[in-house]
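Next come two complexes, and both contain chain A; in the first it sits with chain B, in the second with chain C.
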Partner chain A sequence: MTRKEFIYFILRNKKFVFSFCVLTFLAVLATFGPMLTPYDPLEFASFPYQPPNRDHWLGTNTFGQDLFTQLVYGLRSSLLVGLLGGGLATFIGLSIGFAAGYKGGWLDEFLMMLSNILMVLPTLALLIIIAAYLPYRGVAIQSVIIGFTAWPWTARAVRAQTMTLKTREFVDLARITGCNNLKIIWQEIMPNMMSYVFMVFILQFGGAILAATGLDFIGLGPTRGISLGIMMQQATLWSAIQLGMWWWAITPGAVITLIVASLYIMNTGLDEIFNPRLREL
Partner chain B sequence: MVGGVKIIKGVKILQKYLTRKIVVYLLTFFFAVTIDWAIPRFMPGNPINVLVSRFAALPESIKVMQSYFTQAFGLDRPLLEQYTSFWKALFRGDLGISIYLYPQPVLKVILEALPYTIAVLLPAIFVSFMVGNRLGAFVARKKRLDNTALPIFYTLTASPYFWFGILLAWFFGVVLKWFPIAGAYSYLLRRSFSWTFIKSFLYHWILPFSSLVLVMLGGWAIGMRNMIIYELEANYSRYLESCGASQKLIRKYSYRNAILPQVTGLAIQLGTAVAGTLTTEIVFSYPGIGYILMQGILNQDYFLIQGCFLFIVIGVLLANFIVDLFYLILDPRIRKTYTGEV
Partner chain C sequence: MSLIEVKNLTKEFPLGFLGRIKLKAVDNVSFELDESKLISVIGESGSGKTTIGKLILRLLKPTGGQIIFNGKDIKSFKPKDYYRNVQGIFQDPYSSFNPVYKIDRIFELVFDEFMPQLHRNQRQKEIEEILISVGMNPSQILGKYPHQLSGGQLQRILIARTLLLKPKVLIADEIISMLDASTRVDILGFLGELKQKGMSVIFITHDLSFGYYISDETIILYKGSIMEMGDTIKVFHNPMHPYTRMLLESVPSIEKKWDLEKFFVPEIVHKEISGCKFYERCSEATDECKRQVPQLVEIEENHRVACIKSDVSVRTEWKNFESSRKSDSVG
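Here is the complex of A and B:
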C-alpha cells in the first residue's frame, strides 16, 4: 500500500474518522480543559446539589465541588493511565512475544507458562492485592502495575506471529548476512507486524483505562487528586443515585464509555483499512 | 481392534491435555498464594502501623496492638517458617480474623457473601453467552441491522460494568421506581426459604443481573459477528452456497464452527466478568464478595482483602477448568488445537 492509498482508505473509513475525531476532542479537552475552569477539582466552589447550569456546566456534588473541573482533571489522569499503562503493557507484551517466539526452546516454555499463569489469574484481583498495600498511589504507579499485569495475551499473539515470520526467506537472508538477533527482530520482523502492534496498543490503551477505573471505583485510586473512577466511587458512597443526582453519578462513566468505545471502533476501522477482505461491506 | 487402539490413544491425549491444564492451574494457585503471602511482607510501608494507628488511641494499647499483629502475621519468625505456616493455616481454612467485622473469622465472612456473588455471576455469564452469540450471529452480514446493532454492542462492551449498573439503577430504580436498588432482599425480612423471601430476593436480583448480562453480551455479540463473517467466507460455506443450500443452513454450520473460539474467549473473559461482578455489587450494595472487599479496602481490613483475593482466584481457576471440560465435549478435534499450541 502506498502512502496515498493508505490515506485514501483511512479517510474513506467512517469508523476510523469518527473515533479519531472523538478521541482528539477528548484529548484537547483533557489538555486545555483545566484552563477553562477557575476552580480546583477538590475546592468547595459553590452551593452543593446543583444540577448543570451556566456557572457549573456539569453541576456540583454534595460538597459543592464543581463537577466539570473534576471531569477534565479526571479525564487527564484517565488518558494518562491509558497511555502509560497501555504503552507499558504493549512494550512488555512485544518484548516477551519476540523473545519467546524467536528464541524458542526453554525460554519459550518458561515465558509461555508465565503468561498462562497471569492469564488465568484475574487481573483486577491481582491489582487489588498489590494496590491495597501501597501507602501512596499515583497515576504512574497505577499505570506500572496495570502494565505489568496486562501483557500476556499480547505476548502470546506476538509470539505466534513471530514464529510464522521467522521461517520466511527474508529473515533467513538477514541471518546469513550475519545480522544479530536484535537487529533481525527490530528491522525484519517488527515492520511486518506494525499494523498489528498499533492495534494491540489501542486495545491495551482501552483496557488500561477500564482497569484503572475499576481500581478507582473499588477504593484504590490515586491517594491524592481526582479521577473519573473516584468521582463515581464518591457518587456511590454518598448515594447520588438515590438522591437523583445523575449529573454526578452518570457523566464520568459516560465519558469513559465514550473513550473506550471510540478506541474499539477505531480498532475495527483499522482492521478494515489493513485487511482488504473485511473492507467491502 | 483398531477402534480400541484409537480409543486408548484418545484417552491418552485427553489425559495429556487435562494434565497440562491442571499443572497450569496448580502453578497459578501456588503463584497466587505466594503473592498473597509476599505482598504484605515486602511492600514498602508497614501495614501494621496503619492498622495500629487506626485502632489505638492510647500509647499502651499501641504496644499491645503492635505485638498482637506482629504475632498474627508471625512476623517475628524466619521468612521460610512464615511461608510454610501460611500454607498450613490456609489448608486449615484459617484466613485470619476480620477487623471490619471483628471478631468474625474471614472465612466465615467470605462464605456468607459467596452465594450472593455466585447467584448473580453464573446466570449472568450463561445468559449473556447464549443470547450474545445468537444476536451476533443474527446480525452478521446484514448491512442495515449490522450498522445499527454494532455501535450498541460496542457501547455495551466499552462501558465499565459498574457504570452500567449505576445507569440501570438510576433509570429503573429512581426515575421509574420499578426496582429496588440496594441490598439482596428487603430489610424487613430475615433469610429463610419462604416464598416471600424468594420473591423479595428475585426482585432485588433483577437489576444487578441484567446490568451484568447487558455489558457481557456486547463482547460476545461482537466476537460472534466477526467470526461468522469469517466463516461465511470459508470454503465450506462457499461450497454449500454453490450447492444451492439455504442461507439458514449455511449460517447454522457457520455458527457451529464459530462457537468454538467463543468458548475459548469465555475462559479468557472469566477474570473480567468476575471483576465486573465485584464492582456491580458495590453499586447495588449487594452483599457479595465485591461489597465485602470494598468494605475491607475502606476499613483497611487486610486479612479480609487477602481472603477475598484467594477466593476470587480459586473461583476463576475452577471456572476455567469447567470451561476446559466443556470445550472437550464441544470439539472433537481438540488434539489438533493443542498439539500445536495450548
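Here is the complex of A and C:
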C-alpha cells in the first residue's frame, strides 16, 4: 500500500475519522483547557452544590471546587497514564515478543513462562498490593505499575507473528548479508507488522486508562492532584447521586467512556484500513 | 585442496515434548566441492537437501560433523568474512524480498554491510552495470516493489545481488522450482556463467533432468543420507543404487508410456530402521538389507554407492557408453 492509497483509505473510513476527531478534541482540551479556567482543581472556587452555569461550566461539588477545572486536569493525567502506561506495556510486550519469537529455544520458554505467570496472576490484586506499598504515588509511578503488568498478551501475539515472519526467506537473505539480529528485527521483521504494533498500542492506551481509573476509584490513585478516577471516587463517597448532583456523578465517567470507546472504534477503523478484506467498497 | 569440505555432517531436529524425539534430517553426510565446479544435490522432499544448504550457509548449527571452507572450520569465521565468500539464493523469489521495501534495498543492504565507504553515485553505477549484465533494464526495475515484478525477474535480481559480492561459493537452493519452464533455462544459463567465472555452485534440486543438464557432480540423497554420488555422467548413465534407478525411471519421457507397475511406493512410516533406509521402498531388498547399514563404496573412479548389492559388476551398456565416450574425446 503506497502512502497515497493509505491516506485515501484513512480519510474514507468514517470510524477512524470520527474517533480521531474526538480524541484530538480531548487532547486539545487536556493541553490548553487549564488556560480556560482561572481556578485550581483543588481550591475552593465558589459556593458548593451549584449546577452547571455561566461561571462554572460543569458546576461545583460539595467542597465548592470547580468541576470543569477538575475535569480538564483529570483528563490531562488520564491521557498521560494512557500514553506512558500504554507505551511502556507496548514497548515491553514488543521487546519480549521479538526476543522470544526470534531467538526461540530456552529463551522463548523462559520468557513465555514469565508471561504465563503474569497472565495467571490476578492483575488488579497485584496492582493493589504494589500501589498500597508506595508512600507517594504520582501519575508516572502509576503508569509504570500498569505498564509492567499489561504486556503479556502483547508479547504473546508479537511472538507468534515474529515466529511466522522469521521463516520467510528475506530474513535468511538478510542473515547471509551479514546483518545482525537487532537490525533484522528492527528493519526486516517489524516493518511487516507495523499496523499490528500500532493497533496494539491503541488497545494498550485504552487499557491503561481503564486500569488507572480502577485504581483511582478504589482509592489507590495519585496521592496529590486529580484524575478522572478520583473525581468518580469522590462523587461516590459524597453521595452525589443521592443528592441529585448528576453533573458531578456522571461527567467523569462519561468522559472516560468517550475516550475508551473512541479508542476502540479507532481500532476497528484501522483494522478495516489495514485489512483489505474488511474494507467496505 | 577443495574449497568446501563437508565432513560427517549430521543435523537432528528435536520433536515432541522437550525434544525427546529426534528427527535426523541430515545423517553423516560427507562430500567435497572443488573450485569452479557445479555440484547438484538431488533428493525428494524431506531428504535433507535444503537443510544441508542452510548448514553450509550457517543458518543452522550442525549437531555433528563439520564444514571446512578454505581449510578452516566455518565456525571460526566472522559472519561478514564468511558471507563475502559463501552466498545463497533461495527457492521462493517472492518471499526473498521484504514486501515493504523497494527492490533497490536488496543492493543497498549489500553495500551497507560489505562496502559502506562506497559513494552513492558509485553504488548506483554499479547496481546499474550489474543489472545490465543479467539482461535487465535498470530503469524498469529500480524503484519498484517486489510484487510488481515476476518471479523470473526477482530471481535474476538475486543473481545480480550475488554478482555484486562475487563470492567463491554459491548455494542455489531450488532456485528454479518456482519459475515457468521458459525462465528456468535462462536462470540455469546464468549459473553456468557463474561457474565459468570461477564460482563454485551447490545446486540443490529435486529435478533430475536439470541436475543432469548442468552439474559436474551429483549427490543423490534419501532421508538425509547419501545413496549415490560422483561424476554426473557416471551416476546418470550407470546408476548403481535402486533408488537412483527408480528416480531415473520416474522422469517422464516422450519415448515412454506411463507404467504404474514400476513404481512401488509404500506408505512411508517414520520409524527407526536399523538397516538400509531405503529398505521399505526397495524392490530388490533382501533380509540382509534390513540388518546391515550400507556404507558408501567406491565402485569406479569418482562414483560411490551406498548399497550392499552394489558390488554387482558394472553393466555392459555403461561399458559401451564409456568406451564410446573415451574414443570421442580421443578423436
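Following the convention adopted for this analysis, the second predicted complex is superposed on the first by the 280 of 281 C-alpha atoms of A that agree within 3 Å, B and C clash if a C-alpha of one lies under 4 Å from a C-alpha of the other, contacts with A are read in each partner's own complex, and residues count from 1 in each chain.
Note that in this section contacts are C-beta pairs under 8 Å (C-beta built on N, C-alpha and C of every residue); 3 or more make two chains touch, one makes a residue touch a chain.
The structure displayed is predicted, hence computed values, not measured ones.
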Looking at the combined model built on chain A, do chain B and chain C fit side by side or clash?
-> fit
Have a look at where A:V28 lands relative to chain B and chain C in the superposition and call it first, second, both or neither.
-> neither
What is the contact status of A:L210 with respect to chain B (first) and chain C (second): first, second, both, or neither?
-> first
Taking the superposition as given, does A:A140 touch the first partner, chain B, the second, chain C, both, or neither?
-> neither
With the two complexes superposed on chain A, say which partner A:I129 touches: chain B (first), chain C (second), both, or neither.
-> first
Touching A:Q242, do we find chain B (first), chain C (second), both, or neither?
-> first
Of the partners chain B and chain C, which touch A:L107 in the superposed model: first, second, both, neither?
-> neither
In the overlay, work out which of chain B or chain C sits against more residues of chain A.
-> B
Could you look at A:I250 and tell me whether it touches chain B, chain C, both or neither (first, second, both, neither)?
-> first
Report, in whole Å, the shortest distance between any C-alpha atom of chain B and any C-alpha atom of chain C after the two complexes are superposed.
-> 9
Once the two structures are fitted together, what part of chain A is touched by chain B and by chain C alike?
-> none
In the complex with chain B, residue positions of chain A that touch it | 112-113, 116-117, 119-126, 128-130, 132-136, 153, 160, 206, 210, 213-214, 217-220, 229, 232, 235-236, 241-242, 244, 246, 249-250, 252-254, 256-257, 259-261, 263-265, 277-278, 281
Complex interface listing, chain C residues touching chain A | 54, 57, 59, 79-80, 83, 86-88, 90-92, 95-101, 106, 109-110, 113-114, 158
For chain B, which residues are in contact with chain A within the complex?
-> 24-25, 27-28, 31-32, 35-36, 39-40, 43-45, 47, 50, 141, 143, 146, 151, 154-155, 157-164, 166-167, 169-170, 173-175, 181-182, 229, 233, 267-268, 270-272, 274-275, 278-279, 282-283, 290, 293-294, 297-298, 302, 305-306, 308-309, 312-313, 316-317, 320, 341-342
Mind listing the chain A positions that touch chain C in their complex?
-> 168-170, 172-179, 188, 191-192, 194
